[in-house]
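Reading through the C-alpha cells given below for one structure.
Letters A, B, C, D and E name the chains as they come in the text, with residue numbers starting at 1 for each one.
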C-alpha cells in the first residue's frame, strides 16, 4: 500500500508540474489584466501541434520545436492582446467572450490543418521509463517537470524582484495611477502576453511529449488552468505551483485510495472547497475595503 | 435514374475523426456500387451532425427535405438514438455501425438496422481470453456509455467462467494512467489487462504500463487499437498488443468484393483501408443493394427498402449479415488482431487467423 | 516652466475647461483655488495628459506637451500627486512608494527616497507591509503625497493634499510644501484651504466654472476680495 | 405592462404565420425549435448576467438537472409531461440551492465555480446509474401529449410550447427588470457594500436571480428532453448548452431582453444554413470570427446595431 | 439611541478601536474627531455592519445589533456615508436615490427624492452616471443624499465636509442642523476641522490610537491640553 501511495504522490507531483506550466500563462494574464484568456489552452495546443509537425515532418525530437513554437505562439498571443485592446468597454466580460471566440477559431483552424486524429510523440527517448527506487515515470515527465520548476522560479523571481513585476500589478490595480507613475500600460500588458505565450509554448511541447493531443483538447486545458489559477489566488505564482501540485496529488490519490472514476469529481470538489473556505484562493490577497 | 441517399455523419466535434473514417467507407461504397450495379445510380447527400443529438435530428430532417430515400451513417449511440427516432418518424430506413448501445435495438423500430453490436466485441474479447486460458484479468475502462457497457458485459461473462476480474473505471478526461496501472500492478496482479477505451486512452494506458511494467501476459483492447494508424503512429507502444480488428495489416482480401473495396479505397484516399471505412462500406453496400431491389420491385416509396433490408442475408467483409426483427445483426462477431512487427495479424478466431499469437507478449 | 494657453478640455461631450490660460514660473509655488466643480482637478489631469485637450496647448520648458503620453511625464520631471483614491489598493505601502520611482533614472535612489518618505510620515513607516487599500483616509492621502515625492520631481502638481488630514498633519504638510519650495522645486497646488494655500504661494489663480477669473501675485491677494469673488457666482 | 403594436404583430406572426408557412418543412421547424432552445437558455443566462451581474459558465448544470428531473419523474413516477417540465425547473432551482455559497464569489470566480457544479452533476449523473441510467442514459423519454386536438409532440406542437415558454420568460424578465429590484440589482454590480448599507439584501436578491435563471434553464432542459426523447450525462451537461447561448446572447446584445433570442435565432440559423454549406467541417471558425468582430465593432450586440441602422434609414427617408 | 459598550475592533495585531463606550441620542449631534488612523472610520464600519467587532456591544434603540445583518441595520434607521465615496456605479444619481429609498424605507416617494437632490445641490446632476461623471465633491454630496433617502434616525457622516468650499460647507452645515431639528435625526459626524465641529456639535468624542480619550461639550474638550496635543500638535489651538 505504501508503495502505491508513494507512486501516487510522485505521479501527482509530476502531473502537478505539468498543470502548473499550463496554468501559469493564464494566471499571469489574469493577474495583470484581470482578463481570462479563454484561448490560452488553444495556444498551448498550437505549440503541441508545432512539436508534432517538427517530429513527423523532420524526424526531430519535439524539443527542437520549442524555438518555432515560441515564435508562433508569441505572435498569436500578441494578436490576442491586440484584439483585446480594441475592446472599448466592459473589458472584463467582453474579453472573456472575445477570447472564447479566438479559441473557437484556433480549434477549428487546428482541425482544418492537422485533422482530428489523436497525436502524440513517437520518440522512444521521451517515452522511456525513468525509475528512481519506487518512483516510476517517463523521461519526458521528469524533464518537463524540471523545466516547469525552472520557468516558474524564474518568473517568480522576476515578478517579485523586478520593477516590471510591480508595474504589472500597478497597472491592474489602478490604470490611471500607474500612468502617473511613468508606466506605459500597453507595454506592460504586451510583455505579459508574450511571457504567457512563452509559457504556453513550453507547455504545448511538454504535453505533446508525454500526453496526447486532439484539436478539441484546448478548452479542457483552459478549464484546468483556470481551476488552478483560482486555487492559487490571483497573481500568486507560488500559489499556482501549490495549487497545481495539490490538484495533481489529489487526483492521483483519489485513483489510488478510491475509484478512478471519481478523479475529476475530486478535482472539482477541491476547487469548490477552496473557493468556499478561502474565496481569495490559497495565496490570494486578503479582503479589502473601499 | 439517380437515387439520393443521406449520410448523417459527425464531421466536426468530438466524433469528427471516426465520422470522417466512416464517411470514407460510404464514399467507397457509392463508387463501387455505381460501377458494378449498372442499373441504378446512388448519390450521397451528406449532413454534418456536429457530434450533437439535436443537430443529428436536424441533419436527418434536412436530408429528408432533400428527398433521400434512406440514411446511412451515425456515430455515437447518443446521436444515433435521436437521429434514428427522427428517421423512423419520417419513414426513412436508417443503417449504422457507429453505436453499440443495447437500447438502440430495443426500441423495435422496423426502420433501424445495425451491423455491429456490443455482443460481437464481447464475444471476440472473451473468446481470445479463453484461448489464452487466463485466470485473472483487470478491466480498465472509460466511463463513457459504449465502453462502460462493454466492460461490464465482459466482466460478467468472464466472472461466470470463473476468471477473477477487477474493474477500474476512469473518467474520459484523465491523461495520467500511472496511478491506475500501478494499482493493477501491485494489488490485482492479473494475468491480462483489458482496456476498453479510445485511442487517446490506449496511448495513455500503454505508456503507463510501459513505464511500470506490470507482470502481465497480454494487453488486450477493443476498437481503434489494432489499426494501421496506431501501428504507424506509436510503433513503440504497440508491439504484441491485442485489439479487435477486422482486417490484418497490410490488408489482404480474399474475396472479389474485398479487393474492389481496397482498390477503390486506395484510389480515392491513397491509403490502406481501416475498420471505420470498412464498416461504412459494408453498411452502405447492404443498404444500396436493398434500395436497388426495392426500386426494381417499385416499392421504393412505400416502405420497400426497410423490408428488403430486413431480408438481407449476405456474406460481407465483416462476415455474414442477417438482421433480427429489431434490426440487430445476428451474426456479428469480431476478430482479434495483434500488433506484430509493425503489422497486424488476425489471431482469433483460429479459422480466420493470419498469424500466430505471440503469447505471452507485451510491448516491453 | 509650464505654459497653459487657451486650453479647452472635458469628458466626452461635456466640456469643462473654457480657454484656460496660465503660466507657472520656475521655482515658484502657484496655487489654484476655486469653488467645487470649477474644473481644478480637470485642469491638472489635462496637464498630465489624462484628459485630452480639445483646443489650446500646454508647454513644458518651451516644448509642447500635446499628445505626449502620461507615462512620459515623470521622466520629464513632472509628478502629480492625485487625491488619495488613486493609490494602488492591493499593493503594500512599500510597493506603492517604490512605484513612485518607476522610471529607470530614479530607481537607484529609490531606497533612500523611501526612507526619506517614512521620515516625513512616520505613520506610514509603522505599516510598510500593510495593504494600501486598508489604510485610513488620511493615511492614504499621506501615502499619495509621499509616493509623488519619490522621483525627486522638478515640477510637482498636487491636488488637494490636505483633504482628510488631521490639523496636526495639515500643519506639517504645509511645512513640507514650504520646504520643497525652498529646495527650488516648482509646485502647482490646488487647495480648498484658501488661507493656508495663499500663505505659501507666490502666485494665486482663482478658477470658476472652468475659467480663470483672477490671477495675482500672492503678496497682492486680499483674502477678503478673494472670498467676495468666490461667492459672486 | 404595455405592449406595442409591432410586439403584438410579431407574437401573432409567431403563433399563426410561422406554423402555417413553415409547419410542413420539418427540417426548418426543427432548426427553429433548436434555435429557440438556445435562445431560451441565452435569455436565462443574460438575465443572470445583466440583472445579477453574474457571468456563468455552468448553465448546463441547470439544463441537465431540469432534463433529468423531468425525464425521471415522467418515466419512473408517471407524472404528466407538462407538469414534470415545471418540476424540472423546480429541480434546477433545488440544484441552485447547492450553489448558494458561490454567490459570495465574483466575476470569473463565480463563472467557473458554476462550471465546476456542472461537472460534478455530470459525474453524479454518470455514477448514480440506478436512477439516471448511468452513462447509457435514458431512452424513449415520454413525448408531449395531445392537448385539445393539437399533437404537441409534432414539430409544430413543440414549437408552440417553446414559443409560449419564451414569451412567459420574456414577460417575467421585463417585470423584474422594470421593478425596483431590477435597479437594485444593477446597483450591486460594482458596488455591493454601497448597496447593502442603504438596506438592500444583496445576497437574497442575487440568490433570487440565480433561482429565476436556474428555473428558466431547467424548464428549457426539460422541454428539450421530451422533445428529443433521449438523455445521457454527456449530452445533458454538455458545454454546448453554455457556449452557444453565450455566443447568442452576446451576439444579440445581452443587456437587452430580446437580444439573446434574436441572437440565438440569427446565429443558429445562419450557421446551419449558410456557413455549414460553405465550410462543411470547420464552419464554427466563422462563428468564432463573427463573435470576435462583434465584440470589437458592436459590443452592445446586434440589437443596438439594428436600431442604429433603422434610425439612419429613418433619417435618410 | 445608539450606545456602544466596550467596543473593540482588531485587525490582526492592530487594535483599531479599543474598548470604546459612546452614546448618541436622537436629540444630539456628536462629533467624532482624532488624528488620522485613530479608528474613526473603523468605528463607523462596526456600527453599520461592515466589520465585525472583536468584542463589545452595539445597541440601537436598545436592540443588540451584533447579529443584525447590514441591510437590516439600514432599514432600522442607521444611514451612513463613506469617506471614500462609494456610489452605486452603474446607476444615475437619481437611481442611486431610488434604490436607497426603496430598500431603506420600503417605498418610493419622488417628491422626497427631489427634495433630497435639492438639499444636496445635485438637482442638475440627477441624470448623470454616478461612477464616471461626477467630481469628488459631488460624489460626497451623493453619499449624503443616499443616506438621507433611507430616512435614517441616525446619520453617520464620515468627513462629508472635507474638500468643500467655504460657502458650500456653510450651506451643508445649515442643512445638517435643519435635519437634526426638524426630523430629530441623531448625527454622529467625523470631521477634522475644529471650527466646524464646535459650530455644529453638542458633544465631541475624541479617539486616539483607537481609544476614547475625551467625551464632552466642544468647549470643554477643545480646551483639554491632552486632546489638543494629539490633535493639532500644539498645546493651544
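In the analysis below, a contact is a pair of C-beta atoms (placed from the backbone, for glycine too) under 8 Å apart; a residue touches a chain by one contact, two chains touch by 3 or more.
Bear in mind that the values here come from a model prediction, so they are computed numbers and not experimental data.
Note on connectivity: the fewest chain-to-chain touch steps from chain C to chain D number 2.
Taking the mean Cα position of each chain as its centre, B sits at the greatest distance from chain E.
Ranked by distance of CA centroids from chain C, the top chain is B. Rounded to whole angstrom units, the spacing between the C-alpha centres of chain A and chain D is 31. Here the CA centre of chain A is 36 Å from the CA centre of chain B.
Here the spacing of chain B and chain E, counted between their Cα centres, is 75 Å. Counting partner chains per residue, chain C shows two or more touched chains at residues 134. The multi-chain contact residues of chain B, meaning those touching 2 or more other chains, are 12, 16, 20, 143, 171. Among the residues of chain D, those touching two or more other chains are numbered 123, 126-127, 193-194, 281-284. Of all the residues in chain B, the ones that touch chain D in their complex are 11-12, 16, 20, 46, 48, 52-55, 57-58, 61-62, 64-65, 77-78, 81-82, 85-86, 90, 101-104, 106-107, 143-145, 148-149, 171.
Residue ranges of chain E in contact with chain D, taken from their complex: 48-50, 69-72, 74-75, 79-80, 82, 86-91, 95-96, 98-100, 102-105, 108, 131, 146-147, 149-150.
Across the complex, chain A meets chain D through its residues 30, 34, 36, 83, 86-90, 92-94, 96-98, 100-105, 107-109, 111-112, 219, 223, 226-227, 230, 261-262, 264-265, 268-269, 271-272, 275-276, 279, 289-290.
Residues 49, 55, 101-102, 104-105, 107-109, 111-113, 115-117, 119-120, 123-124, 126-127, 193-194, 239, 243, 246-247, 250, 281-285, 287-292, 295-296, 299 of chain D are the ones touching chain A in the complex. Within the complex, the chain A residues that touch chain B are 3-4, 7-8, 11-12, 14-15, 108, 111, 115-120, 122, 124, 127, 129, 136-138, 210-212, 214-216, 220, 251-253, 255-256, 259-265.
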